[in-house]
Amino acid sequence: MFRSFNGLCALLFVFFADGMTNKARATETREDRVLILATTTSSQDSGLLDLLLPHFQEKTGYLVKTIAVGSGQALAIGRRGDADVLLVHAPDEEKMFIANGHGVERRSFMYNYFVLAGVFEDPAGVSKAKSMPEAFRRIADSKTLFLSRGDESGTHIMEQRLWHRAGVRPSGRWYQQSGQGMGPTLIIASEKQAYVLTDRSTYLRLKKRIGLKVLLDEDSELLNIYSLIRVNPQKSSRINVAGGKAFFDFMLSRETMKRIETFGVEKFGEPLFGLIKQ
Amino acid sequence: MDLIWQGFVEASRLLVTGDAQVLTIVGLSLRVSLTATLASLILGVPTGIALGLSRFRGRRFIVSLVNVGMGLPPVVVGLMVAIMLWRSGPFGFLGIMYSPLAIIIAQTFIAFPIVTALTLATIQQLNPKIRLQILALGASKWQMFWILVGEAKLAILAATIAGFGAVISEVGASMMVGGNILGQTRVLTTATVMETGKGNFEVALALSTILFALAYSVTLALTLIQQRERPL
Amino acid sequence: MKPAAMRLEDIEVRHADKTILRVPHLSVEKGEVLTLIGPNGAGKSTLLQVLGLLQTPSRGNVYFGGERVTGSSDLVALRRRLALIFQEPLLFRGTVLENVTLGLRLRKVPQNEIRERAELWLAKLNIAHLAKRSVAKLSVGEAQRVNLARSMVLNPEVFLLDEPFASLDPPAHDSMVEELQNILGETKTTVIFATHNRTEAQSFGDRLAVMIDGQIVQIAPPGRVFSHPANRDVANFLGLGTIAGGRVLNSTNGTSNVAIAGHQITVDGKYRPGEELLLYISPEDITVLLPESSSNLTAETNVIGGTVSTVTPIETQFKIIVDCGFAVTVVLSKRSFLDLSLAKGKKVLLALEPGAVHIIPNRHGQKS
């Protein structure tokens, strides 16, 4: 069949036909059975959704399309009405989102902590600091390399708040921004031997591959709160309202809460997320 | 270095054991990119022939646009297509955002200028009297088209190779309009970026190895056909 | 009366603001061979393309077999009754056989008929042994034969050729012309053949049309055109004859005596004494004599004497220029040349035959 140009044309045509009919399969699921969930890369990468979503899909018959991007982009997608539900962790932004009428329901349902990671040698001596803002001040004063997400994510916003509390405006060659998700940012920080603010779950997942240690943590100020938001149906007639509600019900159900509670224990020896009592 | 070897080993393992996820990803990558390549041929060859034969004011400008299109960054194409396809966009009513069809559309836009430019260049090279000779032999417009396709065979095969190479290896557009959704729009390139971001370097390298092998085999097959077609 | 094979009425072709072709009337009979000759840019190719229905004229009508076909909606069907070939073989990728059968395949002729007709024409043009060869491996001459076969196999009602042999070297060129003449003699196809080779123009067709600047300036059997060019441009283009100016001395009984460079030449026609005339002396209608044999001449013959100044062999003939006070070009056969032992410097007498001298009308066609 490959012997000729004509054979090639025939083969390509078969693929084309197949490709075109498979398009039908993907949209075969009626539109009202599809739910678009915009969430963050760290939520996706934690593996929690991979655990929970199959149960949801089996139980309710909804097909979930998960779009994992930065918090900022997830909220932007929500504002455009291109997603039905959001799972993000940027509380201040979320509150504004609701206040501006982009979302109709918001429920915070789980959390983890932000920690400050860096190389074992700890050149800026942050492990000696008594609070996160103090640690940040030490880094600024010693102009040690710090890698920020720089992407308007929940983590980034928390980081900016800490700089503010430290009374520092970070700038200069020691303050760099990756513009990427938590995972890639940790890897870059590891390569550059920089300090980085991260959420505990992502750190645990990548611990084996990076040469960084948690140097400061467990400050109750540093809660990283995850919430669900239902996008305002008035944005577009295509918003799946029933699906959104079903998703909320599922995520907040006792069964799901139990699963979240034990998620990560087997692999990392500790749960990756804590529950917020509803 | 030995990470690369591990990647190779892991790649073989995944393929030999028929890991379902990987096979789905590979199948999707092939289907999407081959379909887009074919669509770009169907659109690009006639356009290239028409432009190659025509003489009208502003023709050079159009040709310059086509040439520029060859170098369009895939992520830019992805963004443009996303703007068209998302719910608030003009074609949102089709509901095809985040589906394989969306990726096919974006990739077709990436490969189309390549196919058009290469076809156009080769047609321009033909003796301008050839069009008259074909008509003089009694060909209808459609028959003339196929005769010219035959004359441009080698260039069209080169365009296929170039177009396919461009789309199988792009990640920007796939990510933008596909969303890297497992089982639906996760292709080799987007999966590789994701696994790298997660720190799973061996998996990322395995996927890269598979992608390379795939791209190479298709390109090899096309090259063999092309070289067979050369006048000896 | 049978309609003409092809007829053009009031044709004009304009590109941008220039008129590149203007043919008020042209009629080609069935079975006729019409040769077109003219310098580059004269419009021969355009005329052929209009006749071949490949170009729509800006104005005017084309009639094919009596039917008006300009702007027809079914040009493809009409074109399939014609054939046109160019100077370049323009063969398509593939084998000789694939090229020769292309036109037949386009017309959906049944397979076995295709095979028969292809074999016939491959044989007629002596390229049967090349049937399976790739066209990339042909010489120019072989390629042009394939080109011919490709069109002749279609049995066209009218066959148009645009300088098909111009890129062949002289031996190949001559043999192709001869072969083509034989084939055309057999098939009796209507042929319109453009060339800028004068020998072809002289021998090839039934009529010769001279084109200059997009117009047909003269159309007549070749012999007549060469001996009586319609105007200075034609004469100059055809190139060989002598053009000289003279003054009328007197006029009697329907003839006039014209003085040129000290000689007296008698021409047909009544002209006023003192008039300035432009004469064309056809190079082939002159007999060269040695001074010793002048006794054979009759009183009516115009005889002028001169010295051979240059000798140029052309193909199978010789062209000599004889200085008679003005340069006279004479074309004679090799045989005659040798019999007379002509050479530079030899004194000769030129006897101008009755048809040799021709008055060239001025720009407006008037004979002064």
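Just so it is clear, A, B and C label the chains in written order, and each chain counts residues from 1 on its own.
By our rule, a contact is a pair of C-beta atoms (placed from the backbone, for glycine too) under 8 Å apart; a residue touches a chain by one contact, two chains touch by 3 or more.
Quick caveat: nothing in here was measured; it's all calculated off a predicted structure.
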By mean Cα position, the chain sitting nearest the middle: B
Chain whose average C-alpha position is farthest from chain A's own: C
Separation of chain A from chain B, taking each centre as the mean of its C-alpha atoms, in whole Å: 32
Inter-chain centre distance, chain A versus chain C - centres from mean C-alpha coordinates, in Å: 86
Interchain centroid distance [CA atoms averaged], chain B/chain C, Å: 56
Residues of chain B whose C-beta touches two or more other chains: 153
For the chain B and chain A complex, residues of the former touching the latter: 30-32, 34-35, 37-39, 41, 86-88, 92, 95-101, 104, 153, 157, 179-182, 184, 196-199, 201, 221-222, 224-225, 228-229
Contact set on chain A toward chain B in their complex: 2-5, 7-8, 12-13, 15-16, 18-20, 22-23, 26-27, 31, 36, 41, 45, 50, 65-68, 80-82, 180-181, 183-184, 186-187, 205-206, 209-210, 236, 238
Chain B residues touching chain C - in the complex, by the definition given at the top: 127, 129-130, 132-133, 135-140, 143, 147, 150-151, 153, 231-232
Chain C residues touching chain B - in the complex, by the definition given at the top: 49, 52, 54, 76, 79-80, 82-86, 88, 90, 92-94, 102-103, 106-107, 134-136, 150-151, 154
